[in-house]
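What follows is a pair of complexes built around subunit A, which joins subunit B in one and subunit C in the other.
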Partner chain A sequence: MSDTAPVTVEATPRTLTLEIFRYNPADPASEPHFQTYTLEETAGMTLFIALSLIREEQDPGLQFDFVCRAGICGSCAMLVNGTPTLACRTLTQSLDATIRLAPLPVFELIGDLSVNTGKWMRNMSEALETWVHSQEAEDLHAMEEKMDPALAESIYELERCIECGCCVAGCGTAIMRESFVGAVGLNKITRFQLDPRDQRSDADFYELVGTDEGIFGCMTLLGCQDVCPKNLPLQSQLAFLRRKMARTGVAMTFQRRPGK
Partner chain B sequence: MKVIHSDVLVIGGGLAGLRAGIGARRRGLDVKILSLVPPKRSHSAAAQGGMQASLANSLKGFGDNEDVHFADTVRGSDWGADQDVVRIFTHMAPKAVRELAHWGVPWNRVRAGDHQVIINGKPVTLTEDEAAHGLITARNFGGTAKWRTCYVADGTGHSMLYAVSDQAIAEQIPVHERMEAVALIHDGSRCFGAIVRNLINGELIAYTATATCIATGGFGRIYRVSTNAVINEGMGAAIALETGVATLGNMEAVQFHPTGIFPAGILVTEGCRGDGGLLLDRELHRFMPDYEPDKAELASRDVVSRHMENHIRKGHGARSRFGEHLWLDIRLLGEEHINGKLREVKEICQYFLGIDPARELIPVRPAQHYSMGGVRTDAQGQSRNLQGLFACGEAACWDMHGFNRLGGNSVAETVVAGMVVGESMADYCLGAGGEVPLSPALVRDFYRREQAHLDSLCGRGEGEKAADLNREMQNLMTDKVGIYRDEAGLSEAVSGLQELLERSKNLHASPAPGANPELVMAYRLPRMLKLALCVAEGALARTESRGAHSRVDYPQRDDSRWLKRTLERWEEGASSPVLSYEPLDVMKMELPPGWRGYGVKDHIPHPDTEKREQEIAAIAQREADRFARQEAALPFKHLLPEQFRPGNARYKETDDV
Partner chain C sequence: MQRSIGVSPWLPAWMDITQSATGLILALFMWVHMFLVSSILISHEAMYRVAKLFEGYYIFGQSYPALVSGAVAAVLLLMMLHALLAMRKFPQNARQYQLFLGHKKRFRHPDTTLWWWQVVTGFLLFFLAPMHLFGMFSQPDMIGPYASASRVYHTHWPLYLVLLFAVELHGAIGLYRITVKWWSFKGVEADVLHRRLTRVKWGMSVFFIVLGLLTLTAYYRLGVEMQDQPGLRYSPATEVSQ
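Let's turn to the complex of A and B:
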């Protein structure tokens, strides 16, 4: 394997024990269980490297999802010793010699460590209409609209979400309520709400998230903030959205249509 | 047999495929997109530094326009590019940036007044115009005369991919995720869709279509050390090759990026050097100005990567337990800049190297990065051999990069090509292509053949393991078909790969139901080997050095013999591709071959070059207006869909080229 980094480890390499959740829903004979693999740790070994080695050398049938292996695509979120995180950038040296890996909860299981985050995220995007809603004609030949540089940077702060699903897996509400849009969805609403190119009003956003499936479902346990691999400001964004939607709800009750 | 029909089938859910799908959908067609992974996880997301478009809004971009971008791209390609296509591209790139702005990409913006930057290792104060405040800004990248690379911090590809993917959702385009096309359905002259394997449950499905588009990205994973995502195995190009009819172009043109972190090969953006970062050797000496006094770290990628490897060979590499490398120094950019504009780089350094790049040096060495080659198409993205088959993005060779791509030109290409090819697929479906009846028997034949093939892989009691052959292939490619190439090494690579291809006939996988990753590797590997052979044989045959293809035994660029594009085709059951060549016509070039402005100067000229230079000089004398001059030298607007023909507005339009 080439994907190793020059990080020093002890002179005598450790033997790692990986306890990996196994279950193949396509196989009627398969029962959910943990299977144990051992391998020798190498310098700079990540869980991507460890799992790839196990698949190459011990168990070619093991299912998991890696794409970029650089912490930017969000494919490889799983429970590492019970905590949702990105496996590709988790160094084994940061963990005890026995490592327990399980698929993210909430999402549909494809097999072993592989879950269908894509389907969940597409449903969320459709439900929350996570795109810029604009009535302006697209003139591709004219000068672009100006935008304040600081505002553009603030939008990017919220857009750094990689839809990995850690916040959903770490969320008490999401585990109890299947249709909850999660911090990932609520954060997107704050992103589009901030963007002047999106012409939706607060009332429009209220229609999307002013419910128990949306912002009012959040129990402020803030597991999302703790596990977000991109360190998004989820706590402040959710609090902001809750206040805004509560005000909007009150205003709507009195039939005033608040501006954006 | 499950059959799903569409007007347009796009194979690949990255930027190019999504944008092409949106174009066709907006013309009222039924579009389906297949993707190996959820589309937002496509490798487009990994493009960090930015997208080239000659908006010319910021101080260091003033005077930029399509002409300057065109010249930079052609020089970057070492005159391998199709100049018609480069013209289409440079004309479209500003439109693509503005469309993306409309769709929500938070491009970094010009900030009026003074700000400090690092140029050539020294702090410089730039003063941006008050009137430009809030327009889209740009950073510097290699091989460009102007600061032209529009960016969103160092998450440009991520922001672009999310905007385009969300737009596809807004347009209600179904993306069938975790679906892999394993064969194209065709009758030898026309393509009718693909046989597809569901990567969740293992089911085979026939996706029939009037127009089929390959947008599966590059094939970097045939190399051991690559910046590419693990899904970049070139399967789209490979199934096109396996038709025996469609051709692949310039497969030997493989780019190595100067700054893969060592030894993992994970990319850190060219923006590091564009923003002022330096390359240092083991003595912490800044060596690039010794080789390239003018462009230094910001020569084109092929040139910088060669100097780096060469510098290591001369004994100046820093040593580590994994081997030798050089250093990338971005400390001089300061913590604030790194935290704001290079934060992905910072995260990568923290997580994979355990270092803080604001304080420590980053170990780097060139790593395979980009496939200039791919499915050969015309300027509208259609295969010249198989009607109804289209390709766009990195998977295609329409050919705007020639033998070396400039940084920032690939994400730009994905969207531009998607805009163009979406329209041309729609034209095809709404025109003659839509009239052609589809033969159910043909679909059934292809379906049965693929099912039988998969069954046979699982049917053998024992055999070769794909993981073993894969490792050997990757080693051969990295060791013998890398940055520096020669006849001996390439010959060894070809015979080694042929041996692996022979062994791959005995591949074996367990018959486990469902996704079955072992089976996936077993059916992909022979396809990867065929691509690897196309690269190695193309490289062995090309006895010159051009762009990223560097032969130590033929160090000169030889325009007299090699100003031509390699085409490769694969006949069923063969152990080698069939090579042919497509000449480039100097007499039609707007920019005749010359010196690139960096790299070696001693090319062998083409006999027509001087004559064409005189013609172009005469046009320049005759026509004062840059648009008239361009039109006289290389008319290209007729190749564009009508709605894309108008010019691009600029904050300051000048003729200062």
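Let's turn to the complex of A and C:
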């Protein structure tokens, strides 16, 4: 920059007021409440930076989760003014000066803003068997089968899910009914259904999600799609799965079960 | 999480398909119904002819009001089936009400809020729609410009006013939801399509509510005009002139 370049005059920085949910379930004396913190906003400040500053300078006991700070690990999902999103990718300048932070609902609360999404995700993955099912013995020395690039691309598109839990916390069905597998689970089923290495049939997938806890429980409130920080095409995937499972269910009606 | 193995694994699929299908038929029926009753805005004669059409007059050369009763019974059965299936989705206990309403209030998400309105209007329709349906079922011959106007003016206008709003909101939101439930919006245009569809949905609700209000006003005013002549039936212009 030359010396003559105009000096940009910084506007007076805003003072942010953060109302943060505080509760420690492990402490019987702890009562759930919102605690207010104030701090001065800086350029490019994210909620991750704001929370770290509060923990460093004001309240070392404040609990929240962050790992990657880049929207990849999914651990910093929380309710920002009621909407589930990743705190590390939320710029404070995109929000009003008063910001309300709360932990994601549905998941087990560890403390303050920290929730155990891992436990929920593991239960869901085990229930839906979200791994490649193959009958053939794996030969680790053989070349992998080739896959059509377009197919690989479409599997990868769905594989981008980071299991942050935003879609579950943004889902009216998942909030009311704890057994509902959520968009994260249904999206995984569509991902394995696409994968030619997974030898499960549509009837096998129907066993997993052809229920009111699965795809037929989805009421299409579209909260999942609207909050997904990875912009996964959840509406189109869920509609696809609904059509496929509906067809499979109808076909089952007219099939005789083997051995009967 | 439960597996669908066991008795009737196909049941959830059929329930979901039937809920959408009955909703689709009922919502489209209500739109057609609105156009038919709004024939009063064209002329008394137009409304009379519509009523006669559904009594089979233009097919059999004679009126059979029982045909209307049959159609009403079919609509009632469809409604019952739809209500039975949609009830699965309602909050089932105090805890679920607390959780959902808390979520709706916090999240302020349009599609989530609209679903709540569907629950509210759906619940109203459980009770209010049969009141109208039984009248039509038991007195199918009392549909006509003067008979309907008397009914609206003397007793039914509050019922029809509430029904109008409940039906036109429930139906349009429902058709919108059926679309996003079953049709995959592909590619970058998903957001655009979603926005466009939302606009169409609101447009439909507003259009039919305005048409409904105009229609209801027309019947009411006609009812006022003929309040001194209870039981008067419309004499068709065509039969007189030909």
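Following the convention adopted for this analysis, the second predicted complex is superposed on the first by the 245 of 260 C-alpha atoms of A that agree within 3 Å, B and C clash if a C-alpha of one lies under 4 Å from a C-alpha of the other, contacts with A are read in each partner's own complex, and residues count from 1 in each chain.
One rule holds for everything that comes next: a residue touches a chain if its C-beta (ideal position, glycine included) is under 8 Å from a C-beta of that chain, and two chains touch if they have at least 3 such contacts.
Bear in mind that the values here come from a model prediction, so they are computed numbers and not experimental data.
In the superposed pair of complexes, A:Met147 makes contact with subunit B only, with no contact to subunit C. After overlaying the two complexes on the shared chain, residue contacts for A:Thr211 are found with subunit C alone; subunit B is out of touch.
When the two complexes are overlaid on their common chain A, residue A:Arg242 makes contact with subunit C while staying clear of subunit B. Contacts of A:Arg122 after superposition: subunit B is touched, whereas subunit C is not reached. One of subunit B and subunit C touches more residues of subunit A, and that partner is B.
In the superposed model, A:Arg55 makes contact with subunit B only, not with subunit C. Across the complex, subunit B is touched by residues 2-7, 24-27, 43-44, 46, 55-57, 60-63, 65-75, 89, 91, 110-111, 114, 116-119, 121-122, 125-126, 129-132, 134, 136, 138-149, 152-153, 155-156, 159-160, 162-163, 192, 195, 197-198 of subunit A.
Those residues of subunit C that touch subunit A in the complex are listed here as 1-5, 9-10, 12-17, 88-89, 91, 96, 99-100, 103-109, 111-112, 115, 177, 180-186, 190, 194. The touching residues of subunit B, counted against subunit A in their complex, run 37-43, 45-46, 95-99, 101-104, 106-111, 133-137, 152-153, 155, 158-159, 162-163, 166-167, 169-170, 175, 177-178, 200-202, 224-225, 229-231, 261-267, 320-322, 340, 344, 347-348, 351-354, 363, 465-467, 471, 509-510, 512-518, 521, 644, 646-651. On subunit A, the positions that touch subunit C within their shared complex are 79, 82-83, 102, 105, 124, 127-128, 170, 172, 175-177, 179, 181, 206-208, 210-214, 216, 218-223, 225-226, 233, 235-237, 239-240, 242-243, 245-246, 248-250, 252-253.
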